[in-house]
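Each chain gets a letter, A, B and C, in the order it is written, and its residues are counted from 1.
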Amino acid sequence: MPHKSFVWLCLLPLVVLTVAFFLLPMARLVVTGAEGPHGLAGYLAILVEPRYRATLINTVLLAAATTVVTLVVATVAGMFLQRHRFPGRAVLIAMLTFPLAFPGVVVGFLIILLAGRQGLIGDLSNRMFGEKLVFAYSIFGLFLGYLYFSIPRVILTIMAAVQKLDIGLEEAARSLGASPWAVQRDVVLPALGPAFVASGAIAFATAMGAFGTAFTLATNIDVLPMLIYTEFTLAANFATSAALSVGLGIIAWAILALARSFSGSTVAAAG
Amino acid sequence: MSVPAGHGVSVRIEACGKTFADGTRALEPATLDIARGETLVLLGPSGCGKTTMLRIIAGLELPDAGGRVLFDGNDMTSVPIERRNVGMVFQSYALFPNMSVADNIGYGLKIRGMARQERAARVAELVALTNISGLENRRVDQLSGGQRQRVALARAVAIRPGILLLDEPLTALDAALRDRLRGELNRLLRALGITTIYVTHDQSEAMELGDRIVVMQRGSIAQIGTPREIYFKPKNRFVAEFIGAANIIEAPVENGELVLPGGRQPIGGEASQAAAVAMIRPETIGVVEEGAAPLSGTIDSVSFIGDRQRMLVSGASDKVLTVDAPNTIKAQAGERIGLLIAAEAVRLLPSEN
Amino acid sequence: MRDRLIFTGQLLFTLLVAAFLVVPAILSISAGVTVNYFRGISSGVTLQWVFQVWELYAGTILLSFVIAFATLAATLVAGVPAAYALHVRAGRLSRIIEEVITLPLAIPGLAIALALLFTYQGFSDFRRSWLFILTGHVIYTMPFMVRSVMAVFATIDIKTLDEGAASLGAPPWRRFRDVIVPNAVPGILAGSLMVVTLSLGEFNLTWMLHTPLTKTLPIGLADSYASMRLEVASAYTLIFFVMIIPLLVAMQMFADQEQKR
């Protein structure tokens, strides 16, 4: 068998699987989205309908806040861990990265244990101030949950990027008289730019699509994935759920594609 | 079809050109015959098409339509490499990291279904031949560069190929090792006596190893000849300058003599042109007393190189001449000297543009 | 002095972040083995909740493993050869294919699950079996396998090794078996760990695709969070940690080893 045919044969199983269980369903989803009472206009509902629009804005703001805070936290911790060697460092890194593969539901549960009705924070605040602090089921609890699964991922990317930084650049800046802050501002942070864009996009796209955490916290805050879920299961509003899914997919994909064209590296979300 | 094993095949490539998918022309259609048992060197700077030609012969690239590759007169153009019975040594050696040295050498035999014992015997034979005894069970990443090169050669030769193809096999090594392995490789190739095509950009490798050299330039064959022909009778300025050092002189011709600022230099053979481009090798210029030769000049500088000394001489030609003189001659900068050049040592080149 | 202060500040901050991540997990583990979480650890340590979870949810754990290994098998069979093909035939078409198979990383699982539902709800036998969940997991984890293997190919010049084997007379499938796959082993292992870990923890797709008879571990978890007492939910989470953490540790060790090479 000629090599060329062998190569095509190698691709065949993947192509069949992808067409049958991804491309075809995705096409179906797009069609379903236009099968509602409003036809193609159903796709505009996400922007036009006040309730959907409010949810979209909620979701975007929450994802953006998660991204910004995660980046700040991960940069401080990641730079520190990559630049210093001290006893216990490996354990600390392990602690910061182990939640990497926790599903959203588990993260939601952990937030309940932290800030729920029987949570640690409520318990402590009760003992100290005589008042039980419970916020797991509010938007702040959701935000905390999103931080929980974003931090490990972003820290890993930032640490890898810091490791690749040429220490010579910093030394050159110092030799030219730059203060430690100026070195950070003018040399280090710009050099980490691509890593910020890449990991920030992942954090944002993941937060946009996160379902498990919101589901477990069962909050009354509407985020887009929860809205899609309720439209589908409770309201049996198939066309709307499909249209909203397509919208959500496009937003998440566009953010990652944009980030990739900026940073050049391959960017992808997971979870 | 069957290929006679072990004795080597003759190769003919016929009108083989190569245009890549992006439209770049890597090789102009070329025709070339390689005799059974001959070692042919493809020589040229990077990008000259030598590797493309080798890959076409190997069966790793298909020539453009109309091109044909024949082994012993049989058309092999559409036969893939795995059925051409070629032994190939890659520039990076392409040793399999997942196999030991012995398994690497024996892989081609295993593919051919040779029994384990017979295979072991053949591997042992090649291990001895290439001087790598004791390394049989090593992993590839535990070998030095020179050892890898030998394993790659042993692996290629093990299958008794009809033709041995070597793609810059010494380039990855450092200079001292390269010189030593070149000598070893030469002895080995002579001992094996199979048809060999050797790609290199190094002219001294080409000179030492090649029965014939094909000098390539920008996708075409510039000259084919024995090392001596290529060196002393280059067909054009590119070949003259690519192989060894050369003085290229452009001057008017009168009565079979080049008319130069420092005198007249006789030229051999037909000298009917009014002007000529001539090549003179530095070591063919004799240094004599001023007046003892028709041509004279002034020494600009003398550098002692060890086995000889290199002088730069001005005033003789319109350009500074490079002269390689024996290391026994006493001369210094500023001195006037005569330059004695045999008429046969002046090689006329076709004038360009 | 100032350096010392900055160092301490950063260390404290990092410790705080680590505490945020670790403390809830420790709470969960301790709750899973406490007689009564509300009264605290002083009420005694017990494995009764773990046994109760096993009685209630053993089926979900088993199914999760079945699906994870079936997903692994599918990603190996389809992903490894495809990674090779995409690497050696690097062209426009390959880039497009790579782009398409990586889309599930960007598109939220919920959307993919809905798409599968709308397409295959008519095939009720398929819809009701665990194979339906499997398709979702395969689509979702495939890019990790393909990329992990392709990353290895990019570092070892697999194309020349392939040509080397070809020059020795090996036909394409022998080359694939003898040279390509053995040299892709680090990528295949790393990809496999990733695929199994992700499949075991997958919730977003699975929640939409499951039926009452095809519940996986994360589905059971969500179920217990909603309807069981905190100790049982915690014990269940504990079981999940016990399953997933060795995989994470292996993945980390693997990454470290790769970095050293």
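Here is the rule we use: a contact is a pair of C-beta atoms (placed from the backbone, for glycine too) under 8 Å apart; a residue touches a chain by one contact, two chains touch by 3 or more.
All of these numbers come straight from a predicted model, not from anything done at the bench.
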By the document's touch definition, which label belongs to this structure's chain graph: line, ring, star, complete, or other?
line
Highest contact count belongs to chain pair A-C
Taking each chain's C-alpha mean as its centre, the one farthest from chain C:
B
In terms of CA centres, which chain lies closest to the overall middle?
C
Cα-centroid distance, chain A relative to chain C, in whole angstrom
16
Distance in whole angstrom between the CA centres of chain B and chain C is 55
What's the distance between the Cα centroids of chain A and chain B, rounded to whole Å?
58
Expected list for chain B, residues touching two or more other chains, is 80
Residues of chain C that touch at least two other chains are 166, 171
Multi-chain contacts in chain A: which residues touch at least two other chains?
2-3
Would you pull the chain C residues touching chain B in the complex into a rising list?
91, 156-157, 160-161, 163-171, 174, 178-179, 182-183, 185
Touching chain C in the complex, chain A uses residues 1-3, 6-11, 13-15, 17-18, 21-26, 28-29, 32, 73, 76-77, 79-81, 84, 86, 92, 94-106, 108-114, 118, 120, 147-148, 151-152, 205, 208-212, 215-216, 218, 225, 228-229, 232, 238, 241-242, 245-246, 248-249, 252-253, 256-257, 266, 268-271
For the complex, which residues does chain C have touching chain A?
7, 10-11, 13-15, 17-18, 20-25, 27-28, 31, 37-38, 74, 77-79, 81-82, 84-86, 88-89, 97, 100-112, 114-116, 118-120, 135-136, 138-139, 142-144, 146-147, 166, 171-173, 176, 197-198, 201-204, 207-208, 218, 221-222, 225-226, 230, 233-234, 237, 240, 244-245, 247-249, 252
Which of the residues in chain B come into contact with chain C in the complex?
21, 58, 60, 80-83, 85-88, 90, 92-98, 107-108, 111-112, 155-156, 159, 165
